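Paired with chain B in one complex and with chain C in the other, chain A is shared by the two complexes that follow.
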Partner chain A sequence: MKTILLLLLSIYLLNAQIVVVTNKNSQLNTIPKEIVQYIYLAKTDKIEKVKVEPILSDNKSLHDEFCNHILSKSESQYNSYWARLVFTGRKPISKRLDWQEIVKKLQDVNTIAYIDKNDLINEWKIIYEEN
Partner chain B sequence: MKIKNLSFKLTLFLLLNISAHSSEFDIKTFGTIGGVYNDNSNYIYRKDIFQKDGSSGDLSFKTDTLIGLQTTLNINEKFSVLIQGIVNNDYNDEVKAKIDWGYLKYDTNENLIFKLGRIRTPYYKNSDNLNVGYSNLMIRESVEVYGQVPFSSYNGVEAIYSNIINKYFYTVQANYGKEELTVPVHSLNQKAKVEIDDLYAINLTFGTTALQARVTYLNADITASSQSLDQLFGGLRAYGLTALVDEYEFKNKKSEYMGFGLFLDYNNIIFSTEYGHRKIPSFFADVHGYYATMGYSLDKLIPFVTYAKSKMDRTTYDANTGVDDLDLLLRAQNLAQSSKTIGIKYYINDNFDIKLQYENVIPKGDFGSYHLSSMQKPQELNVFSFALDFIF
Partner chain C sequence: MKKIKKIIRNLLFRYYSLSILKKFLLAPMFGLILVLPFYIFVFLNMLEMKQSVNDVNDELLPLQEISFNNILLLEKIVNEMNSAVSAKEVEWIAASDKNADKIRENLNRYIQSSYKKEIKEGFTAFNNYYKTAKEVSAKIIQNDQCYANIENDTKILIQNYNEIDGLFKSLKLKIKNDIEKNFNSLYCNTNFILFNGNFIFSVWFFISTLIILLVYRDIKYKIKKIVDDSKEIASGDVDFEKRLCIVSYDELGQIVKSINIFINKLHKNHEELSDAKKVLDSLYITDRLTNVYNRVKIDEIIDIELKKKKRYDHVCSVILIDVDYFKLVNDTYGHLVGDSILKEFAVLIKESVRDTDFVGRWGGEEFIIVCPQTDQNGALSLAEHLRSKIEEFYFTTVGKKTASFGIATCTDNDDAQSIIDNADKALYRAKGGGRNQVVFYN
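Up next is the complex of A and B:
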């Protein structure tokens, strides 16, 4: 029983708590999960009439978690979807960025990104968090 | 495969690569290396009615293999130019490069986009990305729906409006234009010149991120002509058989296509179904068809099954008009068949996937078929395919 509890605790600790963040100076406040999905599936590029730029992380486990839990798709399903967007001439979401690039991009007001909550810094604010 | 215009293709490729060094340009590449083995040497297996050659009791790389380039020139925040070209085995059984689509795009940044140029006709869910294997589940879409209409692009305009209401999104797409093309009729060893005027289409897609529905309607005035067609219908007219001419001549005929689709992509479950109905009051007879595909995502591996069926609104393979040449033409239009497919897609990484699939095809009715046949009586085809898709 102890082993199972330890295992569950390890799994819990290993799983990042994903939050969607933006620059602190952004007009954006809390947004529902559906809007996060629509933004990352390129169904819209606006939140409350504010144009936003979503960015993707090159952290594989974080990206997988985001696809699975927020977008309800496997990484492979999301990649196929991404390819469909790019090769049909729609405005694609940029390729995945590393941490330094994400920090730099989030200096732009109204850029949004998903991160591990533990990596949150003072310049950012959370606009979506899973309960 | 014969390679023609190789110098043109190499020059084009070189120019596109040079332009990639310019910051305003974005170049992307996609492609498929695919092999097909059809066990029935009485048929040539094809993915559409354009193809001249394919597998007939042997391994063929002609059916699915292609390479494509897409270049985007961003002029400013609102204007951009996009061009997509492919190199594949064409309907004359020659490897050739062609511009598949290319247009000037104006994005109002207010949910409304306009396109002007050569645009994909939005019959089906995957009309736009038909050649991009990496973005699709199966090696090729079901011919019973995707093979109904013999042209895929037009010259004209398109307007797209998208928005979100509460938790639902919708996209309305309106198209207008014209097109001219040569359609091969391989079974009769003929070619027809097809002119499409006043083409307009409207397409509505709506739903949630998991479940979507799609409705399409297309209307156009179409004329198909060739020396043998003109001779045939000229002869009928001379003999006073005007009723047959009115019924079967393909001249300025109001033609329609209607399509419906339902798509689910939620957690591990993938489901898609489309129904299409082509109505052209001429010898190019009316046909309707559907497919249903179910897949289950096991992380990188997605097994899937598909059932598809197409049927002529009125059978043409038993045509008996009293005019032999007209009967021959009508019989060749038969596209009735059913197929069952089982396969897997394995996602390798962000750039590659591989697919394997087995398809059992049963053509219905004598003569015709999507797959070229010298046989009068229909037979079964067992088709094994593999593909390596890539994007860069």
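Up next is the complex of A and C:
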């Protein structure tokens, strides 16, 4: 029974809706999924010619969810991908931030972060939401 | 200016002293002077080229190989680290140690080469990188790509990687450039040698041709001069005063000298022969005891005078003189005294006759005088004059002596024999008439 509950919980959690947000004052509006992928896989660092900084969350389940659903990569694939970037001398791996740090970072206009839709606060706006 | 003139004169003199072969050899010799420094230059250049080829072979090519190798090895290390991280296997990290060792070994092998600085830099950077890479890889694996300092660590790693990558690539590029430079310099040198070689060959060819032409003209001119001179000498009368002009001191000069020496000898011989001929001639027509003409000459003179008589009607007379009682002198005083009397007699006659008269000894104690263009009276008076002179003369040892004279004058019908006969007859009559007198007979 417990395992079923845990499974259900995990399903619920897995199903937690992830959104990509930015500061309310940002000129960014909605962006397509490909752009989010490009940003988080370091294929580009600009949206509409504006340099943006992607922020990673240290919430492991959220991060895995983000990888699975939005980047379409398993966590190990994601890790390998970034290791490759590091070892071929292209991009350092970003630090994963906790909630406070994310809030703080998002005060900056040109930063984007992925969060659970439930955690959305007023200063932010959603620029990508998965249907 | 004076000095230059002197030098030129000196050089010309030297040139004239050279043999013909050497003169012609001047051309290649000049070429040699021109070509020799070039050959030395080429030789030095070849040494340099050899050195640069050796450099390429001994250092640059293996260096290039190891620099390629190093880049490959670095890639391998990167791949191994990457796969270790991807697979989350800390043990795999150590797998790249052997490749790292290979890189170090490669670098160490050429640490003393001319790329010392770059290799040392690469060595430090690689060690730095490898250490960081190992540490960071281990950390990433252990912390599952999620720890506080990851951003900084990976940044440093990336920096290190880029540094070592850049160093290796720049080393490779540099070596490649150096090899290119070496080959380019080889190409340039070869080109330079070829170009200058052609140029020098052309100059050499030109100078050689010029010198040979000049020498040829010079020799031609000299030979022409010798030929002209010898023609001049050969033409006309024999003239031993002429000599060939010495044109140079080579073989031609030698020939001219020899010819001149030969002419000198001929000249001397000729003079000697002429003198000898004169002596012989005088001996042939002179009586040796009395130094007046002998019968040979007198016969000749009479012949000539008879011809003149026929041609120009020039009358001539012949006077025969005989010393009276000469046999007595010989018998009394001996032949030596007789000879001296004859000598004195001849001198006396010679002094007393006119310059145009010919005095000869007819044999024994008889003398003959041929008087050209003298008629009977002239001959008579000359004979009378002589007779009185002799009568007055005091001969050594024997004292006073007299002589008898027979005169004949030539007529149109006379020949040499008849005129002598006539004179002889006259003399005979003079002797018969008591000696010391002049008789004419025709």
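The rule is short, and it goes like this: the second predicted complex is superposed on the first by the 115 of 131 C-alpha atoms of A that agree within 3 Å, B and C clash if a C-alpha of one lies under 4 Å from a C-alpha of the other, contacts with A are read in each partner's own complex, and residues count from 1 in each chain.
The rule is short, and it goes like this: a contact is a pair of C-beta atoms (placed from the backbone, for glycine too) under 8 Å apart; a residue touches a chain by one contact, two chains touch by 3 or more.
What you are looking at is a predicted structure, and each value in this text was computed from that prediction instead of being measured.
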Discussion item. Quick check on the superposed pair: does A:T30 touch chain B, chain C, both, or neither? Answer first, second, both or neither.
Written reply: neither
Item to complete: Determine, under the contact definition given at the top, whether A:A83 touches first (chain B), second (chain C), both, or neither.
Response: both
Fill in: Which of chain B and chain C A:K91 touches, first, second, both or neither
both
Worksheet item: Which partner, chain B or chain C, touches the larger number of chain A residues?
Response: B
Worksheet item: Regarding the shared-chain residue A:L41, is it in contact with chain B (first), chain C (second), both, or neither?
Response: first
Practice prompt. In the overlay, answer first, second, both or neither for which of chain B and chain C A:S74 touches.
Written response: first
Worksheet item: On chain A, what residues does chain B touch that chain C touches as well?
Response: 76, 79-80, 83-84, 86-89, 91
Worksheet item: Hey, which residues of chain B end up touching chain A in the complex?
Response: 28, 30, 68, 70, 72, 82, 84, 101, 103, 105, 107, 109, 111, 128-129, 132, 134-137, 162-164, 167, 169, 208-210, 265-268, 270, 297, 299-300, 302, 345, 347, 350, 353, 391
Response to the item:
In the complex, the residues of chain A that touch chain C are 58, 60, 76, 79-80, 82-84, 86-96
Worksheet entry | Touching residues on chain C, where the partner in the complex is chain A | 78-79, 81-82, 85-86, 88, 133, 136, 140, 144-146, 148-155, 157-158, 161-162, 165
Worksheet entry | Residue ranges of chain A in contact with chain B within the complex | 32, 34-35, 37-38, 41, 43-44, 46, 51, 71-77, 79-81, 83-84, 86-89, 91
